[in-house]
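I'd like to ask some things about the structure below.
First chain written, first letter: the chains are A, B, C and D, and each begins at residue 1.
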């Protein structure tokens, strides 16, 4: 192999509360960067054309597709991934716990993206009803569950009394 | 995909036939075409560049005069190309059939294009790919007729198929009205 | 920078270009990231002339209270644009320049007779939305140019509006979509009707001028709106591997009728 | 806590704590030192001859390490094809794929070369620059064309496109048709779709040059099949090939195949002497992962004056795609599933399997059954229509009564045993479903809706499903010296929560909680033999084998403790990791201590008749398949102007025998219905007439999303099977199987005023509008 000419750029950002500085290949998506350079493999790539939602992460608290954003565009941003949802002691977030209680997952591949989508959505719309939740979930595909247990898990967190 | 066109040229068939066999003369009439190498008298290498919306495609390949039948005044040209970045392949056969029309010649051009690969594995784009191919062949026929008539070389630049289509659609909508 | 680079493309929110790059359909050598141009992200919707920066995100358009009050159809259309995750990144300028035949925002700009401002190496120029699409996903922009802003007159205060589309799932590309703005005069006749179809023409949104003319001055009603739907359904429409022209024509006609009915119901001074 | 039982409880899943934290280990998460990555060069043409391949440009791409073509593979691989998984005498042309195509490619996406680079991005750059001289050949792009005279040939060297012929039947069909009061005939067409697990396929291989053995990680449902195929391709001993499944992000059938990449990646690892990874992307998945469901049916029913079926005659053309990796099983299953829950006195079916220039078809959730159930249930509706009877009534008249169980249908199943329904109450299942769906007052609701201009409809789908297929599955249960219990089984998991289910079964045998059990699934290094996860067979087979193995370990624990305490083993009980004398606070010994003693502790002497190590293995070999059944009732609303369908209500009555974990079964059913909804109204893998795939993104191939799939109302009936010690039947596919039939029937029923007939699925809005328009033009 002679002279590697693949362009790289220095980025500095915060990932799950930790400052990260790295040289990243310009063409890497944020998802590529998280998985390949930071070994945060909880963010999954399911289609890489922006439909399945498995790669959803939070950028400055908002849900975005990890496959449709370049890593260099995350420079200076705060990124949260599935690895950052549980607290420092490893306790599951209420939403994660609700997924466990309701069997909100089967194979678990789409689950990180769904948890990130719902985490942001519930934060922004704590009064959402089931129809709104299903609409918010329309950008995440799950092939295993048929969605019902996912919706029930999310509703249990939304409802003041049903929450965990 | 079969695309049929006719053009008329102001030469009798016997004179029109050699013109069609002159690939360096004919090829540039296909918009975006650039001949790069003459392999032999009947085989040429070249490049066809075009743009379908945001997608710039560039096919490298060869064109060969396969058959000339002076009896039936038929010429068969085959062409095949591969998109530079492997996004597709194209294989085309073009049959020119000449027949006298008045003092000139009517040339029927039947182009059979087989496209394969990523460029056509996209259902929503199927309409535009068909339209683009049709438009390219239509343009080819028009430019060839013009070249034979006027002699000047056509604009070699890769066309933006979209802009050509815009005009044709506008004409269709304003002129044609409701279908 | 765009002018200096070979095969360069501006990247706005990336929600349309990135999938094409990931699928290796689009292969630019350079991307110029516009998302850092904070000055291109703004919404001025409190005056009769609404101005929106090209890098304003779809999310922000949906959330803007003034825009919602002045021109609610935009938020209604945006509900059909992709999903939360893409609207969080996707911009109005990016959607306009990508010019997908089924895209809602180009349709809205066509409906609102917006004026677009582009900036390039020779400075700024403006153009009507009607002159912006040159053909299939081909905006009227030179390689060195990018959009900076769109502006349009807020529809009259008592206007009626409706947007609807047919897609098999939420967020899918519309097989056809329709937007309607309508106002009535003192006699409760249609003062002005504007209609746009999306997803039916490969070259961009299609305004239904003849239908608009036909409607003007008439009293609203089911028969009239059926006639409008039939006119729309008679237009030539695109066909692809999955959706035939005939189906597009049928659903476009249905959407026109339904949207006119809904818009008329919402308009002040309606019959 | 005595008497605590986990079997039958909805315990939380053991899989979840890692998966919820992003700590799953899926294939693409594996990183080995020095690992390189791959991209394949794939045919753009559905059918072509492969000419010269120029790799020079590709080799110059930054990051590219090498390029390999079929001719560059080791000699022993030349001319060799992938092992046929399910041979059968019915197969006339048992053709499987080459690891890399040498001379001819037969579907768009078939690989001819592979580029190795330091990352996937660079490998794809390289693949773009490999220049192949293709000579396109005529192609078969449609199952309907394959048998036409003068049809193109899928494989240039074959005389025709026939891959297999099968004929099944019993009774005197001709007499039945002669004596029939009514004969009803219809043709049906079901279209291709695929499984689309959210995780695509992938392979990592590592060659240990010191030990001369492979470690292969692959995202598969069937690691032992992969092992067999690798052993066959490389002429190795099984000990030299360890196949490991990491966490698998969904399977649904297509991951039970052995794919070319599972042979190419290992050979590259051996040639390069470094670990190699290939992770399929979604576009490749659309092109190269197997699909299913394209079938053409002609069905005729002979019916007596009372609406009782006298006989069925059917012909079936099944689309195999380009190759036969899994043999001709699906058409056989289709043919043997058609009669379903009904008394069919005579039956005759001819099934022809044909090659086409599209990716091969292999079992996909339901495996030939959704099509057969669609054909049979549509025929039931056609008979009802033709006789002027209610669709529920015509079914009730023909359902096998409960007291006829066990019921010998008269056919031989794919496992060679007779199709003998073991248990179930089919009439009761339908009655319960109709009751819950409010079927009796539906006509009133329908009329009321119609008065408002709304079109609502209801449809029924009954089915019987052979599950829990053999030949066997095995499990080893071992008590570890730290007191925890380990289960090893060859059965790979892909989201079904095998670990949880098997731990529940084991926990009850050993008197411990499931969280004390660690389950290792799908590792051929840990369990030498296995079949895999398909045919809804794991709870039946692996579950039963865990019960047997755990029982063996329990016996050993008691024997050891009995020797230690000098008591009768019968007087001992197992509780919370201890063996103790029943009912007393007396002597007790922990599992951990017993495990240490038996693990080779110097000075410890094993009691007579007790083998070393606290371990036992069990294999369960079922005598025949066990038959699950159910009834689905769908209620839909159709926008007759646009053709859009909304599912308003969905009732499932489901009988899979005893339930190990009801919530897990509900999840399988609900998820299965979602897949069935896709098959009914959304998912269609479209090819053009030449075999070019057109729907190759999730934007064009529509998967069901959260706003499409309703919350199913699931009712469990439990008819335990006598065929296994747990009384369980398979549950993984029943949600999918009757869904297209029920939903399409509901759509048709909703459009009753237009008098249309729907004989295909999926049925999409455009097609609904076309059918309505056509019907209106005819009137």
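Everything that follows uses one rule, which is that a contact is a pair of C-beta atoms (placed from the backbone, for glycine too) under 8 Å apart; a residue touches a chain by one contact, two chains touch by 3 or more.
Owing to the predicted nature of the structure, the values given are computational and were not obtained by experimental measurement.
*Asks:* Farthest chain from chain A, going by mean C-alpha coordinates, please.
*Replies:* The chain lying farthest from chain A is B.
*Asks:* Hey, which pair has more contacts between C-betas, B-D or A-C?
*Replies:* Comparing B-D with A-C, the pair joined by more C-beta contacts is A-C.
*Asks:* Taking each chain's centre as its mean C-alpha position, how far apart are chain B and chain D in Å?
*Replies:* 49
*Asks:* Return the distance between the CA-based centres of chain A and chain C, expressed in whole Å.
*Replies:* 30
*Asks:* Cα centroid separation between chain B and chain C, in whole Å?
*Replies:* Centres of chain B and chain C (C-alpha means) sit 35 Å apart.
*Asks:* Where in chain A do residues touch two or more other chains at once?
*Replies:* Residues 48-49, 135, 138 of chain A touch two or more partner chains.
*Asks:* So which stretches of chain B touch two or more other chains?
*Replies:* Within chain B, the residues that touch at least two other chains are 85, 87, 118, 122-124, 126.
*Asks:* Identify all positions of chain D at which a residue touches two or more other chains, and write them in rising order.
*Replies:* 128, 283, 686, 688, 694-695, 697, 699-700, 705, 707 - these are the residues of chain D that touch more than one other chain.
*Asks:* Give every touching pair of chains, nothing left out.
*Replies:* A-C, A-D, B-C, B-D, C-D
*Asks:* Chain D touches which residues of chain A in the complex?
*Replies:* 1, 3-6, 25, 27-28, 32, 35-36, 39-49, 51-52, 54, 81-83, 85-86, 90, 92, 96, 99-101, 103, 105-112, 115, 131, 133-135, 137-138, 140-151
*Asks:* Write out the stretch or stretches of chain D touching chain B in their complex.
*Replies:* 41, 44-46, 108, 127-131, 134, 136, 283, 287, 686, 688, 690, 692-697, 699-700
*Asks:* Give the list of chain D residues in touch with chain A in this complex.
*Replies:* 10, 12-13, 15-17, 19-26, 28-29, 31, 62-63, 65, 118-119, 121-122, 195-200, 247-250, 252, 281-282, 494-497, 663-664, 666-667, 670-675, 697-699, 703-707, 709, 711-712, 735
*Asks:* So in the complex, the part of chain C that touches chain D is made up of which residues?
*Replies:* So the residues of chain C touching chain D come out as 19, 23-24, 166, 168-170, 172-173, 175, 241-244, 246-247, 250-251, 254.
*Asks:* Using the touch definition from the top, list the residues of chain C that touch chain A in their complex.
*Replies:* Interface residues on chain C, with respect to chain A: 11, 14-15, 18-19, 22-23, 31, 33, 35, 59, 82-86, 88-89, 169-171.
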